[in-house]
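Here come two complexes built around chain A, the first alongside chain B, the second alongside chain C.
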Partner chain A sequence: MREIWDGLPVLAQDLMSAGALLLPLLVVGGVLLRGFRPWSLIRALMWRFRWANLLFVLLIAVSTGMGIGLIAQERGLRTGSAQAAEKFDLVVMAPGSELTMMLAAVFLQPSAVPLLDGAAYDRIANHPQVQIAAPVAFGDSHDGAPVVGTIADFVTYLSDGEIEGRIFTRSGEAVAGAAIDLQIGDRFTPAHGRGGGADAEAHDGVQIEIVGRMARSGSPWDRAILIPIETVWEVHGLANGHPFEEGDRIGPPFAPDLFPGTPAVIVHADELWANYALRSEFTEAGETMAFFPGTVLADLYRVMGDVRQAMSVMSVVTQVLVAASVLLGLFILTRLFQRQLAMLRALGAPRRFVMAVVWGYGVSLLLAGTVLGLAFGYAAALVLSRIVTERTDILVTASISWAEVTLALGFLSAMSLLSLVPALVVLTRPVVENLRQ
Partner chain B sequence: MKHLLAALLMMATPVLAEDGHDHDAPAHAFEIGGLDILHPWTNATDHGPALLFMELHNEGSAPVEILGARLDSGVEGQLVGFRMKGGEMGFETLPPIPVAPDRQLALAPDGLAIRFDGLQVALEEGHHWQVILMTSAGELEIDVMIEADDARQHSHAGHSH
Partner chain C sequence: MALPLKISDLEVRAGARTLLQVADLSAPAGALIGIRGPSGAGKSTFLHALSGLIEARGRLCWGEVDLIRLRPEGRTAFRAKNMGLIFQDFLLFDELSPQANAGLAGLFRVRHDRPPISARAAEALARLGVPEGRRTVGSFSGGERQRVAIARAMATDPGLLLADEPTASLDRRAADTLIDDLTSLVRASGKTLIAVSHDPHLLDRLDRILTIEDGRVTGDTGAQAA
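This part shows the complex of A and B:
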C-alpha cells in the first residue's frame, strides 16, 4: 500500500490528502443538508447579525493567517538561503568552523578566519578535477557594501556570464552586484573594514572604477563589489601574487611564495561526482578542510526543523484556542437567534433541518474565516519576505504551499465536526420557553 | 605517514577486540585490491531507502573505482550525492567514482552514499547487514553496522581500529 502511495505523483498525493481532510466535512454536510435548502435562512442570519459575524470571521482569519504566515515564511527563508548557496559547490579553508566560513564566504558576513597559504592554493588550483579555484579576500567595504577580492572566472561563473559592461581585466577595476548604487564608469575608494568601525580614509588615494554589473542572483553577492584579488592585496601593502616581471597581469596562476593568503578557496568542478572526491582530498588534518555549504545548511535546517516543529505546535495550540473560542462563539450566536429557531420548530420544521441551519451557519463562518486566513497568511508572508530580503539580501519569496492549505483544511474540517455540538444543543432547548423569550 | 597510520589502524583491531570487544563481533575494516574499507554503516529504517556510508582509502598502486553495491537478494545500490537544488535537499545518481592511489573518499551523511531502494526487510538498530560492495577491483562482502535512524556517524568512528 505504501509503495503505491509513494509511487503517486506529489500533486496527486497532495490532492488526495486534501480530499481526505475534507471528507468528514463533506459527509456531515451531505447527511445534514440532503433534501433541504437552508441557505436563504442562513443568509438571513448572516445579515441580521452581520457585525458579530464579521468579528467572528476576522477572529478565525487572523488566527489561521498567523500560523500560515509563519510557516510559509520559514520555508521561504530556507529555500532562499539554499538557493543563495547553490553556486558554492565546495569551499576549502584552513581548519576551523564550517559555519563561520559559510557565513563569511557565501553570505558575506564579516568574520576573522585563518588564511590558506600559497602552497595550499596551488595544490587546489592545480588539481586535475578542479575547474575553478577562486581565492576570496574580504575586509574592505564601500558605503556598507562588502568589497570582495576574487578572480574573473569566478565572477563569470557566479553571474552565469550575465554581466552588463565587462569583467575586470586589470587591477583597480570592479564589477558591482545588482543592488549596488554605483553606475558603470563611477569610481570609489574602499573603506578598510565594514560597518561602524570601517576606516574611510585608510585607503586614501586608491580609486577603483566600476566596469561591469552582475545580473541579480538573489544572494548577498548582489550587494557586493567584486574586484581583482590582486587589488585587495596591493591596497593593503602586500605582494600581489605575481613576480614583478609579469607586469600588470591579474588572475591565476599565482606564485605560491608571493601569494599573501586567502581565507577560503571556492572550488567548482565540471563533474558533480568530483566535488565529493575533492572534499575528501582537500580535508587534510591540520592543513586544509573542505565542506559543502549545502551540507552545513542542511545541518542548520535540521535545527530550524526543530524550530519549525515548535512553531507548528504553537500554531496547533493557537488553533485549539481558536477552536474553543469558535465553539463558545457559536453557542452565543445560537442564543442570539434561539427565538427564530424555536419558531421554526413550532412551525413543524424537521429537527434535521434546524440542525442543518445552525451547522450550515457555523460552517459558513468557518469557511469564510479560513479562506480569509489563507489570504492573511499570504499577505503576512509577503511583508515578512520583503523585510528579510531587505535586511539580508537573500531573496525570500512568499508562497502558500500545500502544507499551509492542508493546515487550513484540517482546521476547517475538525471545526465543522465540532460545530455539530451547538447544532445539537439547539435541539435540546424547550421550544415554548424559547418562544417566550 | 598515511600508510603508517593505516597500518596502525589495522594492527590495533585484534588488540581492541581482546580489550573488551566481543570476539564474535563483526569486523569494521575490509580490504580489496589495495582499497581499505573502514566502518561501513547505515541508519535503521523500516522501509527504504537505505543509505550506506563508509570510509575508503586506496593503499594500492592503481586507482579503484567504486561502482555501487548489491544484496544477495539481487537488490542493487547506486552511488548518490547529496545536493541542494532549487532550494530543496535531495540526492543525484552518480557515475562510478575513482579512488586514486594514496587517496581517501568518505561516504558520509549529506555527502556521498550508496542508496538502496525497495528493501524488503527492515534494518534494525544494533544488527548487521551483509552487503556486497562492487568495485573495479572486484566484489567484496562487507558487514554493515546498523546505527540509530538518526545517527550521523558509525558508533566506532574516531576509535583506533
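This part shows the complex of A and C:
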C-alpha cells in the first residue's frame, strides 16, 4: 500500500490528501442534504443576518489567513535566503563567527571582522581544486548601497555571465547590481562607511565609472556596486596587491606581501565534492576557518523551524479559538431564527431537513471564510514578501502551497463536523415554545 | 382529503397542571370550526394538540389515525401530508418571493411532489389575489402576507387547515377580505378548517363554534349536528 502511495505523482498525492480531508464534510453533507433543497432558505437566513454573517466570515477569514500568511511567508523567506546563498559554496575567513561572516559576505550586512592576510589568500587561491578564490572587501557605499571590492571572475560567476555592458577591466570601473539606480557611463564617488555614519567626503576626488550591470539575481547583491578590490585598497591608501612594475593590472594573482587583507574569501571549487576537502583543509586552528553558508543557513532554519512550529501551534490555537467562537456564534444565530425553524417543524419538515438548513448555513459561512482566508493569507504573504524583499534585498516570493490549503481544508472539515452540534441542539428545542416566542 | 375528527378523554398536562381536558368531541370531514375563549383558556393548546405538536393523553383520531399513538416523527409526517398551518404573525421568510414562501414544503418533499406543490402554491396565490413578481414578501402588507401564509398552507393540498388567530395581525378591512377569501377557498375545496380566533367576524362565518374556558370545552354550537 505504502509503495503504491509513494509511486503516485505528488499532485495526485496532494489531491487525494485534500479529498481525504474533505471526506467527512462530503459524507455529512451528502447524508444531510440528500433529496432536500434547503439552499433558498439558507440564502434567506444569510441575507437576514447579513452583518452578523459578514462579521463571522471575516473572523474566520482573518484567523485562517493569518496562519496561512505567516507560514507561507516563513517558507518564502527560507527559500529566498537559500537561493540568495546558492552561489556561495564555501567561505574562508579569519576565525570568528560563521553567522556574522555569512551575513556579511552573503547578505552584505555590515560588520567588523578580522582580516585574512596575503599568505592565507595565496594558499587558498593556489589550491589545485579551487577554481575561483574571490577576496571581498566591504566598507564603502554609495547612496546607501554597499560598494564591494572583488575580482572580475567572481562577478562573472555571480551573474552567470549575464552582464549588460562589460565587466570591469581596470581600477576605477564598476559593475552595478540590477537594483542600483545608476546607468552605464555614470560616475560616482564612494562614501566611507555605510548607513547614517557614512562619510561622503572621505574619498573626494575618487571617480568610479559604471561599465556594466548584472542581471537580477534575487539576492542582496542586486543592490551592490562591485568594483575591483584593488580600487577599495587604493582609495583607502593601501597597497593594491600588485608590485609597481605590473602597472594597472587588476585581479589575481596578488603578491602576498602587498596584499592588504580581506575579511573573507569566497571559494568556488572545480568539483562539488571538493568543497568538503577544502573546508577541512582551510580550517586551520588560529589561522583560517571555512564554512558552508548553506550549513549555517540550515542551522538557522532549524532555529526558524522551532519558530515555525511555535507559529503553527499558535495558528492551531487561534483556529481552535475561532472554531469555539464560530460554534458559539452558530448557537446564537440559530436562536435568532429558531421561530422559522420551529415553523418548518410545524409544517412537517423532517428533522433531517431542519438539520440540513442549520448545518448548511454554518458550513456556508465556514466555506466563505476559509476561501476568503486563503485569499487573505496569500495577500498577506504577498505584502510581507514585498516588505522583506525591500528591506533585505532577498527575493522572497509568496505562494500558497498544498500545506496551507491542507490546513484550511482540515479546519473546514473539522468545523463542518462540529457544526452538527448546533444543528442537533436545534432539534431538542420544543417546537411550540419556539413558535410562541 | 378531509378527515373526520374523533376525540375522547384528551388530556394535556404540564407537570402536575392540567392544561386541557376534552372528554368527547367529534367533527365530520369538511367542517369549519371556530374555537373561542378568553386568553390563557387553552385554545392554542387545543390547536397544538390537534396538530400533534405537543404530547397528550387519550385518543385524538383524524380518520383512522390516532395522533397520540404516533411517534414524533410519525406525527411530523402526518402533519406534512394532511395539515396546513396558518399562524397569527404569518411566519414567512421575508427574503423570499411569495411563490417561494408558498411552495416552501417542496424544499423537503420528495422530487415528484415538488411540481404539484409549486403549481398549487401558484394557483392559491392567484386565487387569493397576491401580487405576482419577484418582490419579496418583506415589502408586503399584513393582509398580503397572511394570504401568502394561507397559500403555503394550501400548497400541499392538506385535508385539514389549522389556523391560530389568522386575522389578529390585520386591520378590520384586511381581516374581512381575508375571511371572505379563506372561507370561500376552504368551502370550495372541501377541507376541514379549525380556527382559533377572537374575531367575531370570522367566527360568524364558520359552521360550529367551540368555547374553551379553563382548559375545558364549555360550549359547542354544533354539538347536536356533530
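Basically, the second predicted complex is superposed on the first by the 428 of 437 C-alpha atoms of A that agree within 3 Å, B and C clash if a C-alpha of one lies under 4 Å from a C-alpha of the other, contacts with A are read in each partner's own complex, and residues count from 1 in each chain.
Methods note: contacts are C-beta pairs under 8 Å (C-beta built on N, C-alpha and C of every residue); 3 or more make two chains touch, one makes a residue touch a chain.
The structure presented is a predicted model; accordingly, all values stated were derived computationally and were not measured.
K.L.:
For the overlay on chain A, clash or fit between chain B and chain C?
P.N.:
fit
K.L.:
Does the superposition put A:P38 against chain B (first), chain C (second), both, or neither?
P.N.:
A:P38 contacts chain C only, not chain B.
K.L.:
Given the touch rule stated above, what does A:D270 touch, chain B (first), chain C (second), both, or neither?
P.N.:
In the superposed model, A:D270 contacts neither chain B nor chain C.
K.L.:
Which of the two partners, first being chain B and second being chain C, lies in contact with A:R339: first, second, both, or neither?
P.N.:
second
K.L.:
Can you pull out the angle centred on chain A between the C-alpha centres of chain B and chain C, to the nearest 10°?
P.N.:
120
K.L.:
I'd like to know which partner A:V431 touches here: chain B for first, chain C for second, both or neither.
P.N.:
second
K.L.:
Quick check on the superposed pair: does A:D186 touch chain B, chain C, both, or neither? Answer first, second, both or neither.
P.N.:
A:D186 contacts neither chain B nor chain C.
K.L.:
Where does A:Y301 make contact in the superposed view: on chain B (first), on chain C (second), on both, or on neither?
P.N.:
first
K.L.:
Just checking: does A:L347 make contact with chain B only, chain C only, both, or neither of them? Give me first, second, both or neither.
P.N.:
In the superposed model, A:L347 contacts chain C only, not chain B.
K.L.:
With both complexes overlaid on chain A, what's the closest CA-to-CA approach of chain B to chain C, in Å?
P.N.:
53
K.L.:
Which chain A residues lie in the overlap of the chain B contact set and the chain C contact set?
P.N.:
none
K.L.:
Sort out for me which residues of chain A touch chain C in the complex.
P.N.:
Those residues of chain A that touch chain C are 35-38, 40-41, 43-44, 47-48, 339-340, 343-351, 353, 431-432, 435-436.
K.L.:
Taking the touch rule as given, give the residues of chain B at its contact with chain A in the complex, in rising order.
P.N.:
47, 79, 81-89, 92, 94-95, 97-99, 103-106, 110-112
K.L.:
Mind listing the chain A positions that touch chain B in their complex?
P.N.:
Listed in rising order, the residues of chain A that touch chain B are 2, 78-80, 82-83, 85-86, 272-273, 275-277, 279-281, 283, 292, 294-295, 297-299, 301.
K.L.:
State the interface residues of chain C toward chain A in the complex, per the touch definition above.
P.N.:
Answer in residue numbers: 44, 48, 51, 53-54, 73, 76-81, 83, 85, 87, 91, 93-96, 100, 104-108, 110-111, 152, 156.
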